[in-house]
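Beneath this line is the structure, given in structure tokens, with notes to follow.
Per-chain numbering from 1; labels A, B, C and D assigned in written order.
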Amino acid sequence: MTATPSEGPGRKAVLLLTCPDRAGLVARISHFIYERGGNILDLEEHVDVEERHFFLRVSWSLERFTIPATDLDVAFAPLASEFGAFWKIRLSGRRVRTALFVSKYDHCLREILWRHSLGEFDIEIPLIVSNHPDLRPLAEQHGIPFHVVPVSAPEKHEAELLQIGLCEAAGIDTIVLARYMQVLSPRFTERYPGRIINIHHSFLPAFVGGNPYRQAYRRGVKIIGATSHYVTDELDEGPIIEQDIIRISHRDTLDDLVRKGRDLERLVLARALRLHSEHRILINGRKTVIFD
Amino acid sequence: MTATPSEGPGRKAVLLLTCPDRAGLVARISHFIYERGGNILDLEEHVDVEERHFFLRVSWSLERFTIPATDLDVAFAPLASEFGAFWKIRLSGRRVRTALFVSKYDHCLREILWRHSLGEFDIEIPLIVSNHPDLRPLAEQHGIPFHVVPVSAPEKHEAELLQIGLCEAAGIDTIVLARYMQVLSPRFTERYPGRIINIHHSFLPAFVGGNPYRQAYRRGVKIIGATSHYVTDELDEGPIIEQDIIRISHRDTLDDLVRKGRDLERLVLARALRLHSEHRILINGRKTVIFD
Amino acid sequence: MTATPSEGPGRKAVLLLTCPDRAGLVARISHFIYERGGNILDLEEHVDVEERHFFLRVSWSLERFTIPATDLDVAFAPLASEFGAFWKIRLSGRRVRTALFVSKYDHCLREILWRHSLGEFDIEIPLIVSNHPDLRPLAEQHGIPFHVVPVSAPEKHEAELLQIGLCEAAGIDTIVLARYMQVLSPRFTERYPGRIINIHHSFLPAFVGGNPYRQAYRRGVKIIGATSHYVTDELDEGPIIEQDIIRISHRDTLDDLVRKGRDLERLVLARALRLHSEHRILINGRKTVIFD
Amino acid sequence: MTATPSEGPGRKAVLLLTCPDRAGLVARISHFIYERGGNILDLEEHVDVEERHFFLRVSWSLERFTIPATDLDVAFAPLASEFGAFWKIRLSGRRVRTALFVSKYDHCLREILWRHSLGEFDIEIPLIVSNHPDLRPLAEQHGIPFHVVPVSAPEKHEAELLQIGLCEAAGIDTIVLARYMQVLSPRFTERYPGRIINIHHSFLPAFVGGNPYRQAYRRGVKIIGATSHYVTDELDEGPIIEQDIIRISHRDTLDDLVRKGRDLERLVLARALRLHSEHRILINGRKTVIFD
């Protein structure tokens, strides 16, 4: 891991860690930081009492840190090993390399690109992948390479290999499905565990699968929703990151649901991407722990 | 139908009507009221464009009405018949006779009784029916007859006959299941079409059936909900009247979900009962039209 | 008024009307439409009981209308005059000519232009006016003339004359202040009564005037808001069209408030513009009646 | 401070602390707990970057604690003194002694008493004080002493002395103004800094002072709110604990605002009391830090 200087008032590090619960975890980890000259900026922890599992996010200033940030992983490894922890340390200035997958709808892509231009996400976007050419002009407007990979049923396998190749060549860490209308195979999703973010246009687990607005319209619900979640090999079953809703009434047509839902989709996906890019999410089985 | 004087500034009538759409419906119905000296206080209509169906709620003052309110049904019948309409006229001062069915949880019952004491509903409550004795003191505090009808699997049929008998003897129009923990048989529900209101403690159609909070907790949703709906012979599938939600997080235990959900349940059920008691709801297949 | 054919299933008309309340208003107006072959698609009325004032919005199909749509105003005038009504009839296909006023922030402008491209508003945008050149590229991308009118304190009068000239030349009906950072003089606002829409970045009447996010941050509120209202000659005191809010916490910095508020501003302004462009708003003194 | 055994799975302690920010605070405090055998259950910290101030809430299990809980204050004092901290340690099982002040409205009192009976608050309620006798039956139903202290303008001073006397005799820590309709004098409020909780029936700082629903109705807002805050000697200006809102429309009368607002008031006040009773609030000047 190579640290690059961060923007802002100073460089900092973020540790995300989860392990079986035991006494002394916070004390020993905060001491690890303190004795190396780090000043904790933010610390939040959570204990899943049922599963007796511990979750932690802590960020600290590297301004007076006495070891090089690049040595942090090696220095922390023995402690993590003792705790039996899953963990990662991220340094500010190292943005998450993110690929956006899209089809024809522009609203989620447009929202992410606009917010990205305002600096709302801690990401880089080296490429956009689509199974249709429609959104190329939008990508070009932002100067981002746009790759069309058509996906047809018989050759889906080949298409996915090509997509994976593109992502690997670009050093992609995280993939955002910004209303990408194809289901990824387990072969694909297992390669990016906890690193593919989808937006589903319903309040999951209501209206799993296709045409959720039509399903909602027919059922006569009074509220519709959108759900952003990590993609696993079970359709619409991955850990939920963020959800939101909007009221509807009998006066709303199916088109009104689509229109109102668009606003939900782009806001919910943007919030999920922001949380992910700031390393605020740990996965806990089928759930997420969000340090917000 | 016997009209009794209403409280408030004056007596009024409400017409709820639905029929196939055609030109002139509003003109002819509003003319019917106008030519008899009625002043329209509130009129809302809706056209289901897909089904080409018309829905109307209109209320008017009877202060200078030139025919007795008790003759209204007879006077309006020819017009309704011409339109092929399903309709009803309700006079202020005639409160909806409502039975409350409960089990052990007190929060919905308590909420309804308190609001009722403030005059929030246009109802009378001649009886409360329960399969457990626990809530008797609360009923007695409000001076409402409380009937315990135990429900055991083999004798469910007998229990329902007894419940129906109690309701019929009391001239019950509407039944509110205020966290009543038994499923009613089709024999029961078909006797009160569009007149049994249930509260389900999830955001339907998510988490149909038993233990919805546990289901929500296990799925890791970020929002929980409650749904009030009319009861049909399909469990949790009746027309939805009202829904609402509340945010939760990974910090919330199952007990927290139950606690937060209680607030939703009682508010959502109370809103649904208010809408029903003010004759603001028409059923449109599996959906509702709410004139709010 | 020249009618042009509307998109969609057929041409229609919308009447917005307000007058002192009296018996027979709905009957006589709906009869006016019915006897000329119109089929009412949507009718909503409201009576302000305190002020004894009547408000109506009714839309109807012109498909089998027996008089030319262009004769509607003349045909309806006698009835309106009898009622002492303020009223207007709008025909579908005649989009509201709307000018957008902006300064440097792009989020509201971008939102309106994107939604406009999706057909969410019933408007045309013949020009964008700004006191800064920054947003010219965005305007040009959408092919909309962009006029820079610098506003300096001593020559504000001249600047407003120029702005008015531009609007009149373009036949502008409605002006949207999409985070336009100048206060308009009464001379300007009185020329467009009920036709200038502003977005204020607070939950009015909290935090009137400048820097509302800073005011909110200092006060330590737990919720921030945005308000869209018609502009009158009293700053931030015009009739409110739409408001919405978002939760904040002690963790949110002033920058976070600005970021979260941006989402509110653009959504609230867009909803207000949509309501206005569909002729769903009547002004009632310092308030609005919204037929939604 | 005398510790009593807590209900639940085991005894625990909560530390609330605020001091100027410096390196090592979390490390040293968590070490203090760890080296005495405490297992941290929950830790949340916050740094006010502008004011360079540190805020912490940490709770830990006392099951294997090696010093008596009653010695905790003495043991922690030197560390707190070194940090220049304002702090308090609370032991589970020691409920907050809370007085409820009411006038004639029952909804907030009823809500608190009901939730209290369900165990939602970590409080005891040794007395209820009112300037009117109306709510005595409700208090008696819950077996809580009810004191009527009439408050008239000329003898307000005497009334407050009597109220203070009642509170002191009962060892009251916290006072909840549950729609108590009198303004407390600075003499009173300064005696309970950060320990008097009020509910104001508006979205503060909008509609400060009397009749906020009437003010909201006249202004034509589209959303109303309620605010719970600590009472200081400036009316409606104390640190805000919790706020919430509900949508209204032109159809809502002033009575509807009062009715809808009631639901907000009781929920918002209940949430604030719960946060306070669980020692989740630190005051930061005019603001609060809420560890939720």
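Throughout what follows, a residue touches a chain if its C-beta (ideal position, glycine included) is under 8 Å from a C-beta of that chain, and two chains touch if they have at least 3 such contacts.
Note that this is a predicted model, so its numbers are computed, not measured.
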Pair exhibiting more inter-chain C-beta contacts, A-D or B-D: A-D
Centroid-based (C-alpha) most distant chain relative to chain B: A
Distance between the centres, which are taken as Cα means, of chain D and chain C, whole angstrom: 43
Distance between chain centroids, defined by C-alpha means - chain B, chain D (Å): 37
For chain A, residues that touch 2 or more chains besides their own: 251, 292
In the complex with chain C, residue positions of chain B that touch it: 22-28, 30-31, 33-35, 37-45, 47, 64
Interface residues, chain C side, partner chain D - complex: 46, 48-49, 203-207, 218-223, 225, 239-245, 249-251, 253, 284-290, 292
In the complex, chain D residues that touch chain B: 107, 110, 114, 118, 120, 141, 251, 259, 263, 267, 292
